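Each in structure tokens, the structures are laid out below.
Look for chain A in each of the two complexes below; its partner is chain B in the first and chain C in the second.
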Partner chain A sequence: MASIELDHIRHSYGARPKSPSDYALKEVHYTFADGGAYALLGPSGCGKTTLLNIISGLLQPSEGRLLFDGRDVTHLATEARNIAQVFQFPVVYDTMTVFDNLAFPLRNRGVAESEVRRRVHEIIDMIDLGALADSKAQRLTADSKQKIALGRGLVRSDVNAILFDEPLTVIDPHMKWMLRSQLKHLHRRVGFTMIYVTHDQTEALTFADRVVVMYEGEIVQIGTPEELFERPRHTFVGYFIGSPGMNLLPVEVEGRVARLDGLAIDLPAAVAIPPGARAELGIRPEFVRVGREGFPATITKIEDVGRHRIVRATLGGREIAAIVPEDAEIPSDPRVSFEPRGINVYADSWRVETEAGL
Partner chain B sequence: MNKTWNNRAWFMVLPVLMLVAFNAIIPLMTVVNYSVQETFGNNLFFFEGVKWYQEVLNSPRFHAALFRQFAFTGLILLIEIPLGVAVALAMPRSGPWVSVCLVLMALPLLIPWNVVGAMWNIFALPDIGLLGYGINALGIEYNFTRQPGAAWFTVVLMDVWHWTSLVVLLAYAGLRSIPDAYYQAARIDSASAWSVFRYIQLPKMRRVLTIAVLLRFMDSFMVYTEPFVLTGGGPGNATTFLSIDLVKAALGEFNLGIAAAMSIIYFLMTLLVCWVFYTLMTRGEEQ
Partner chain C sequence: MLELRNVTKSVGGADHIRDVSLELRHGTLNVLLGPTLSGKTTLMRLMAGLDVPTEGSVWFDGVDVTGVPVQRRNVAMVYQQFINYPAMTVYENIASPLRVAGAAREIIDREVRRAAEILRLTPFLDRTPLQLSGGQQQRTALARAIVKNASLVLLDEPLANLDYKLREELRAELPRIFAETGAIFVYATTEPHEALLLGGNTATLAEGRVTQYGPTIDIFRDPVDLVTARTFADPPLNTIVLRKDGHSFLLDGGARLPVPAGISAIPDGDYTIGFQPHHLSLTSPGPGAVPVKGTVSVTEVTGSESFVHLVFAGQRWVMLSRGVSIFEPDETLEVFIDPRHLLVFDSGGRAVRSAARTAA
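Let's look at the complex of A and B:
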């Protein structure tokens, strides 16, 4: 177990990066605390896997240093870093039995055979493959194979960190949920530092204490699931997290009023937009009210998703989504209002902080 | 649904049938025909049943040729398969040298077989050939036209030179198909180079190696041109393999019955060994 410090790490797959866009990973400077459960969340190609491979040593960063518990490991080989990593597609040793697959990382490190048996039996029960312990890994289904790969990641008791690279992609939904809760449970019990890469927000938000949202090679926000939901620092976070994502309306801000196509929306506090910056008002559909008060809007569509309804409307020439309770009445002359605590203002996609601390 | 039955459609198959008949069935049946009859001049034939088969199977000459054949095939498989795998492992996985290596590897395969024989014949001549002269210069007496050992050495070396490339190319294709994640996982698991080979590379190469062994088995079991040009089956009968013996019986001695029976036995043996081998190698793979 160790804290993992990323000291101004940058990475480019090309030999001679010139502009910032040549970097697959733009400057990342962050410390993963010892024993934390983190999720790296972002769309495909945002640099999550690159960052993970830098931590495990499968990639050498172009610039910057990597420290485990303050010790510089930037140039240390993967084998010497004592890291476990589980990959997106199942990697099993086909010719070995399930038991031998799980024992492999331990035996390679010269762990005593009695200890190997104890650890493997513990893990094999956890991933529920006890009945198949002596069968060849080759004949198993894809999700059983991935369970073996997960098991191989968890079997060592002395690792600095366990890294997961979208490990549940090939697993069926029911099993996914079960494995995720087992991982969470395991994390609480043994307290390894765990970093979990995913593009699935549900996975990230349920697994992690802190979620690191990445976008185009940069960390755009690090926070608890609540922070990401209520105060997205970047419009990308607002759009990427939540279903549907945050509404973004281009506005002109004057003190405590935001103007959208002739409508004046009151802001909870005065904000200062830098001159020339593009201002946007962001509000999650959860904070949009549809009723008899507010601005007149035209409803284009109502989607019933079970627990609630999603109302799609046009407001001041812009599409806007609202979440309303299943039993709420929608008047024939609908009006839309915003809950002040859900309002965020963005300048050039980054959130503008207000004095009120909101 | 109305199905239209029109048996005249069978005529469509006729061209293929003709082709197969002319290039496979008719020649094969001619051989079967010869193998059960005594043939005299003026197209006089007498039915003999299995007499020729009994004669071939009891002949010490056939046993000796068969033994030499298995020794040769076994030897070149034992050398070419491990050597091919080793070379494939040593080849670069990416970069500009990949194409250079591949072209170099493919070169021996592009040379006509009789040219290979002629090349090695000259190359190995003790007085003017580079190889022959070189070995003699080292103080080792070497003359493949006189010493059976030297003849075997040269024939095997020639086959290894000519055909190891095939194994290399197949093994390399197998290696390239292994996803990077396997090597990454092996590094995470602290696997040694030997473990990577034993548990990742070898299992993943199993299919292509099956094909390599089969191809090399069949080709070397039926080898004719190269040893014929190099040694002519000699010195004595030292490198007279089955096919060379067969041609001697058929065209040298005009023992048509014996030669035909030998051909059929030869054919069935090749078929049998390939089938047994294929079954063994792919056993338990499809579950």
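Let's look at the complex of A and C:
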């Protein structure tokens, strides 16, 4: 396993980039720690796949260096980087059995057969294909084939890193639960450096110790799931993580009060907005209370999604979403209030630190 | 109304669809929910007229259309894989059904621009599909289905290859878009959460059978059998087989789960008890909650919620709790089962429901 250092990396698919917008990947400077589990999360076109391809060697960056444990690998071919990769669509050898598919990366490197058996049996149990060990891969469903691909990515213990590119997209929800928790379990036990690219927030947040959120070729925040949820640094993180995403209300801030169309919302601490900056109050639906206290609101829609309800309402002329627990009462003349700890203030889309240090 | 009457489809002696009867009304959204290979796509092909049933019949607005080919029905289909004409611009792709129908130029232009606006394709109308991202390509296919003004719109996992957030937004818009047209809207998905967000009606599928059909939320809360309950649970349904003795089910460790009031008269014996992960909690949800001790296997945190995987009496359970709760593997944890939300299934997997629920 190795640490992976991205040293001022930039990438443009065009030959002569002039402005920052010509870069698919704007400057990225970060080190993935040895043994860490990371997710690269963002919408399509955000640069996450470009970054993964630079790490795997599929792409040479236009600028900057890539180092594995301090060693410059920027110009090394993929094969020379000693990494395992799992892709969105299964890559399996149809004519081989499930067992032989999993054993392939080990036998290829001359691993002793007893060790091959031990590793393959461990992995085959994890992906729950033990009963099909001797079946030819071609007879299996797409789902099972992807499990083989996943298993093959995990079977070697001597790789620098394992890279996953949307590996669970084609897997059924129930199997996703099992594979995800087993991947996590395996990571805790073996400590591989893992980098996992996905657009699915649940996968990213549950898999990774630290999630790297990307937007328009830039890293906008790196944090634990809790940090990304409670303190989004950028309004994009607030919007992209969470379902529904963070409510954003245009406000005017005066010290400890935010004004929204005549409503005065108390802030947990005073904030200073730079002159001329656009101020917004961000509050996640989980921190919006619907009850008998607070500002009068008009409910436009209630979506019952089983474990809770998503209440859509109008407050101060703005749409706002609230998450209300399954059994909670919603009054006929509802009022809306904000939990202070869930309030964030943004100036030109970036979070403003409060004086209280919240 | 689209009616399937006792439809069976066999291929090479294997039943892909088994004795399905459904009535889908105009202006409704109908979700087909089931895992891969449960028969969703086959059922849609039978609805569309792409395939002919081996047994049974298909009726549309009171007319038997069994065997009428898809070209002679007013059907639009959107697939998981984006299908567009690669040599045509986005504008021409969206316009194609209207051109085929011989619509006037002004009408074509108005409809194409309206659909493009709804699906946020206006800036890309002059591009060809290969110059678009996957999401934009799929939106082009959806726009084409919209302008076609079909009376039956079949969407086969249309958002599966799209970004999470785009999916969330399109999912919110789609029911409204299609409800306006008055079409019968059928949407196949493997994801319970997607069905709940779409609302409408749901037909759950398992091994080629429709196990239940009705308002989506009702099926989620009140499944007729264990197969349906499992199909409609994400995170997976927590289950355990328990012996009923008098007024309670006996749990390992001496705890007793009260038998729900409406079904207290069922005979003693073994039952499968099921409950959703959010009905297992760290603190007592109220009087009557039953504490049990489990062993933690792994904790997953999304920031807003935590999924704690634990083992109780050999069963793998998931507890869904709000906020961040992290526990170490192998830790013993006391958790509470909320007895107000128990699902009880007999040895044949049929739900034991109270008289009131059965009548409803």
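One rule holds in what follows: the second predicted complex is superposed on the first by the 354 of 358 C-alpha atoms of A that agree within 3 Å, B and C clash if a C-alpha of one lies under 4 Å from a C-alpha of the other, contacts with A are read in each partner's own complex, and residues count from 1 in each chain.
By definition in this document, contacts are C-beta pairs under 8 Å (C-beta built on N, C-alpha and C of every residue); 3 or more make two chains touch, one makes a residue touch a chain.
Quick caveat: nothing in here was measured; it's all calculated off a predicted structure.
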Between chain B and chain C, positioned on chain A by superposition, is the outcome a clash or a fit? fit
Between chain B and chain C, the one with more contact residues on chain A is chain C
Which of the two partners, first being chain B and second being chain C, lies in contact with A:S181: first, second, both, or neither? second
Tell me the contact category for A:I320 with respect to chain B and chain C: first, second, both or neither. neither
Touch check for A:L228: first (chain B), second (chain C), both, or neither? second
Would you sort A:V311 into first (chain B), second (chain C), both or neither based on which partner it touches? neither
Between chain B and chain C, whom does A:R139 touch in the aligned arrangement: first, second, both, or neither? first
Scan A:I219 for contacts with chain B and chain C and give back first, second, both or neither. neither
Students often get this wrong, so check: with C-alpha centres, what angle lies at chain A between chain B and chain C, to the nearest 10 degrees? 70
Could you look at A:L154 and tell me whether it touches chain B, chain C, both or neither (first, second, both, neither)? neither
Upon superposition of the two complexes, what minimum C-alpha distance (Å) separates chain B from chain C? 7
What residues of chain B sit close enough to touch chain A in their complex? 179, 181-182, 184-185, 187-192, 195, 199-200, 203-204, 287
In the complex, chain A residues that touch chain C: 43-45, 141-143, 169, 172-174, 177, 180-181, 184-185, 188, 199-202, 205-206, 224-230, 239-245, 284, 286, 303-308, 326
Note which residues of chain C are touching chain A in the complex, please. 35-37, 133-135, 160-161, 163-166, 168, 190-193, 196-197, 199, 217, 220-221, 230, 234-236, 276-278, 297-298, 300-304, 307, 309, 318, 320, 322, 324, 329
For the chain A and chain B complex, residues of the former touching the latter: 53, 56-58, 77-79, 83-85, 87-89, 91, 93-96, 104-105, 108-109, 139, 149, 152
